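Okay, so here's the structure we're looking at.
Labels for the chains are A, B, C and D, by order of writing; each one numbers its residues from 1.
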Amino acid sequence: MNQLVIGGKTLQSRLLIGTGKFPDKKIVPEVVEASGTQVVTMALRRVDLDSKEDNLLDYIPKHCTLLPNTSGARNADEAVRIARLARTMGCGNWVKIEVISDNKYLLPDNMETVRATEILAKEGFVVLPYMNPDLMSAKRLVDAGAATVMPLGAPIGTNRGIRTKELIQIIIEEIDIPVVVDAGIGRPSEAAEAMEMGADAVLVNTAIATANSPVHMGKAFHLAVQAGRLAYEAQLGRQSTYGNASSPLTGFLYEGVNS
Amino acid sequence: MNQLVIGGKTLQSRLLIGTGKFPDKKIVPEVVEASGTQVVTMALRRVDLDSKEDNLLDYIPKHCTLLPNTSGARNADEAVRIARLARTMGCGNWVKIEVISDNKYLLPDNMETVRATEILAKEGFVVLPYMNPDLMSAKRLVDAGAATVMPLGAPIGTNRGIRTKELIQIIIEEIDIPVVVDAGIGRPSEAAEAMEMGADAVLVNTAIATANSPVHMGKAFHLAVQAGRLAYEAQLGRQSTYGNASSPLTGFLYEGVNS
Amino acid sequence: MNQLVIGGKTLQSRLLIGTGKFPDKKIVPEVVEASGTQVVTMALRRVDLDSKEDNLLDYIPKHCTLLPNTSGARNADEAVRIARLARTMGCGNWVKIEVISDNKYLLPDNMETVRATEILAKEGFVVLPYMNPDLMSAKRLVDAGAATVMPLGAPIGTNRGIRTKELIQIIIEEIDIPVVVDAGIGRPSEAAEAMEMGADAVLVNTAIATANSPVHMGKAFHLAVQAGRLAYEAQLGRQSTYGNASSPLTGFLYEGVNS
Amino acid sequence: MNQLVIGGKTLQSRLLIGTGKFPDKKIVPEVVEASGTQVVTMALRRVDLDSKEDNLLDYIPKHCTLLPNTSGARNADEAVRIARLARTMGCGNWVKIEVISDNKYLLPDNMETVRATEILAKEGFVVLPYMNPDLMSAKRLVDAGAATVMPLGAPIGTNRGIRTKELIQIIIEEIDIPVVVDAGIGRPSEAAEAMEMGADAVLVNTAIATANSPVHMGKAFHLAVQAGRLAYEAQLGRQSTYGNASSPLTGFLYEGVNS
């Protein structure tokens, strides 16, 4: 299996998970374990560093790479400041850029995202930008020094699946850095499909966090991502229009018996 | 996890596989192993019982339940004769009924399939009928004593996926015996999807046999079926139309810093 | 344009409409007019022949062919009796067979439908059977003397569109009598799509009757059906994977200006 | 019917057509006539103004508004120059901005498109920018003074349909200037669907130009666009999951007869 390398780290797991929306943060370690993930994203707010109380960070296993996100940023400058703050606070130098000023569909602002990526990559961050699926923006993100591109399958938190396949497939073909499908994936089958399309990884949050059993759902995504990747590497067979017999159609056995 | 029971046997694996189209039957044991399957279907012709030579049966591990199919049968009578012959020859009392007279799309004949099921169930066979997805035919198959119903996702061997979701979903809801989606499944994501829909199992042949690496593809389907079943049992979250923030949207952290 | 002939009648319009669910039957003539339809189906119950009062039949323009349906029939015998009654009452010799015993999804019973078709065709009826999309049943309906086959796109009244394309496309290719897509069509675009697939006609009821403006919706379907048929006859272009410039891509004009 | 107004002109037809790829430009007037279009786009190169020979412009009926496009432009500056040149040459002040540097999928560059729009709108052009479907870019185009936004359904010339529905639907809801779906529409049903979604118009070129009969296909699109718009205004009914009887299900008539 080809390995996934992001920001110099080799990852065994192609499933990144988010930590928002969990009914109880105490469940996070178990979900992380079940999902096999090695990269966990969280909003800085949830980190709540000053607090003496329960802190989300305490629940993220140490072997995971933290991926602070800039949730709440409405433009590049805000994203940059949040990223710097996260690093200062000891969250490491990975950052997921989210620049969102659309409060209804939470769609990202590609132009501001490119700008933030450029600044942060120069400052040594490993930048994973969340983006609207758009080839030219993806090319600009590569030029800006992004470590991955993270096109959305559907609006955040909708569980609507990969509705933007047409555009993501092109990004996968044309972009040389890892492509991580982020947002919209609501079912393991959709994660598998992203991998079959050739995506390098997926990021899932809502689908796991809002399942009746997040731990089992984490496990389900773990398996599905492996399944999809294996299938991609084992090369899927072609589709055909007409039926193709798996078994012989002539009833010779019966005929033999009959005669 | 609820268990799958067919014909009195409790199955750990919800993936049934077919043995047609493999480039070399020597690979079958390895595929069976990778796929985790416990039920293997084969056309009687391939069994080639008289032959002293290489025999497909020799390659099917002993822990698997044999599922001879009536491939080649064009009507109920032919199917019945093939089934009886298989039992006589020592292939056990499971049978997958395929009655096909359409040579282009290989679509099954539900009416004849019901008739064959009725006869064979009375003779003590465990009958798994391949069918066009049709609720009323499924009800008749239940009445006729079928052990499962096996509606098609798309014509045999096409790898076109589950194109008949609308009808299969209804069968899953309305029929109380196990529903096995058979034919058409071309990718692990599609097998996962069938399981997420609530299907009890899937049968896959072409997608595995014609992959570049059948063993890896068998493994991929193994994982995908588990993923889909786990997701079904962990209860998928709902879809929504608008975006739902996984992370807080108000940039208070930045604002705090800024002030 | 190839002409549509059913039961010896040449029809200019490929849109058949139903009369159930209209908020007020007084609107029927206007809808018929807007839709351009020449064939109108109605349940016998609505005809209410004895009644001195408002009668649906009075609202169906005389130039339309009446297509009484056997709605309410749970088996072939009941369908046959309803059909005979309709003819006796002067509704003509066309009949749409609906045999439904599934009260949740209202899916038709193909086996009983074939039986009813056989009986009624022999009695001189022009039989248009509503069916689950299934090639072998369609072949039996042809053999039984059906004037058309009417496979469903989705359950009656759901407006879910043509979810059974895979199976209907095969019926269109393999069956020589007219194929009328019935049930499920919820939007004019879906009616157009059925026609582009090569269907001979569509039957629409709920989508028109429950629109905010049934008359305008009738007109919309009228146009869409013509559009789809015209496109089918004008032969659609192929799909391609890569972009194909409609206009020249080399900026020679600019270059010329620049030099 | 709400009217479509672009650049101060009230348009009766919501179908814009392109002139590339026609086998013979002599057919253009007939296609224009059949399609009912009032806006015709063409690449400047094809206009070939100096030439004494056959000129595409001579074939575009005078009642149509010319929409020169900037095909061939690889950045904003080139697009601006082509637009100015077109105006100088007497092609009027409408311009469709196409900025494309991706030669494989021909996907537009939103960032450069915004820049070109800003410049040209200030110079009094009526600017119709072709774009990747992206809400934030659409908002910037509005701010830049665009007369419409023209998101793509699929790559130019592919006839693949509206594969970006998820993103276009959001643009339709959130953007107040007319939304014209451009590129990818391959069938009349897809044009109808765009209109049902609430798009204000569609632009079609390849699907008409490469049909076996462009004139009939132009007519088909004409009807389909009207159908879709009418349906949008007549308000489509809802989808439901279960069947809803169009006709009464209780067989009382038969029962009456029977008794």
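Criterion: a residue touches a chain if its C-beta (ideal position, glycine included) is under 8 Å from a C-beta of that chain, and two chains touch if they have at least 3 such contacts.
Computed from a predicted model, the values in this text were never measured in an experiment.
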Those chains which touch chain B and also touch chain A: none
Longest centre-to-centre distance from chain B, chain (CA-based): D
Same or different residue numbers at the chain C/chain D copy interface, by half rule: same
Between chain B and chain D, centroid-to-centroid distance (C-alpha), Å: 44
Rounded Å distance between chain B and chain C, as computed from the means of their C-alpha atoms: 34
Residues of chain D touching at least two other chains: 102, 104-105, 107, 155, 160
Touching pairs - complete list by chain label: A-B, A-D, B-C, C-D
Chain C to chain D touching residues, read off their complex: 18, 20-21, 42-46, 69, 71-74, 78, 81-82, 85, 98, 100, 102-107, 155-160, 186-190, 192-193, 196, 205-207, 209-214, 216-217, 219-224, 226-228, 230-231, 233-254, 257-258
In the complex, chain A residues that touch chain D: 101-102, 104-105, 107-111, 132, 134-137, 140, 154-155, 160, 163-167, 170, 174
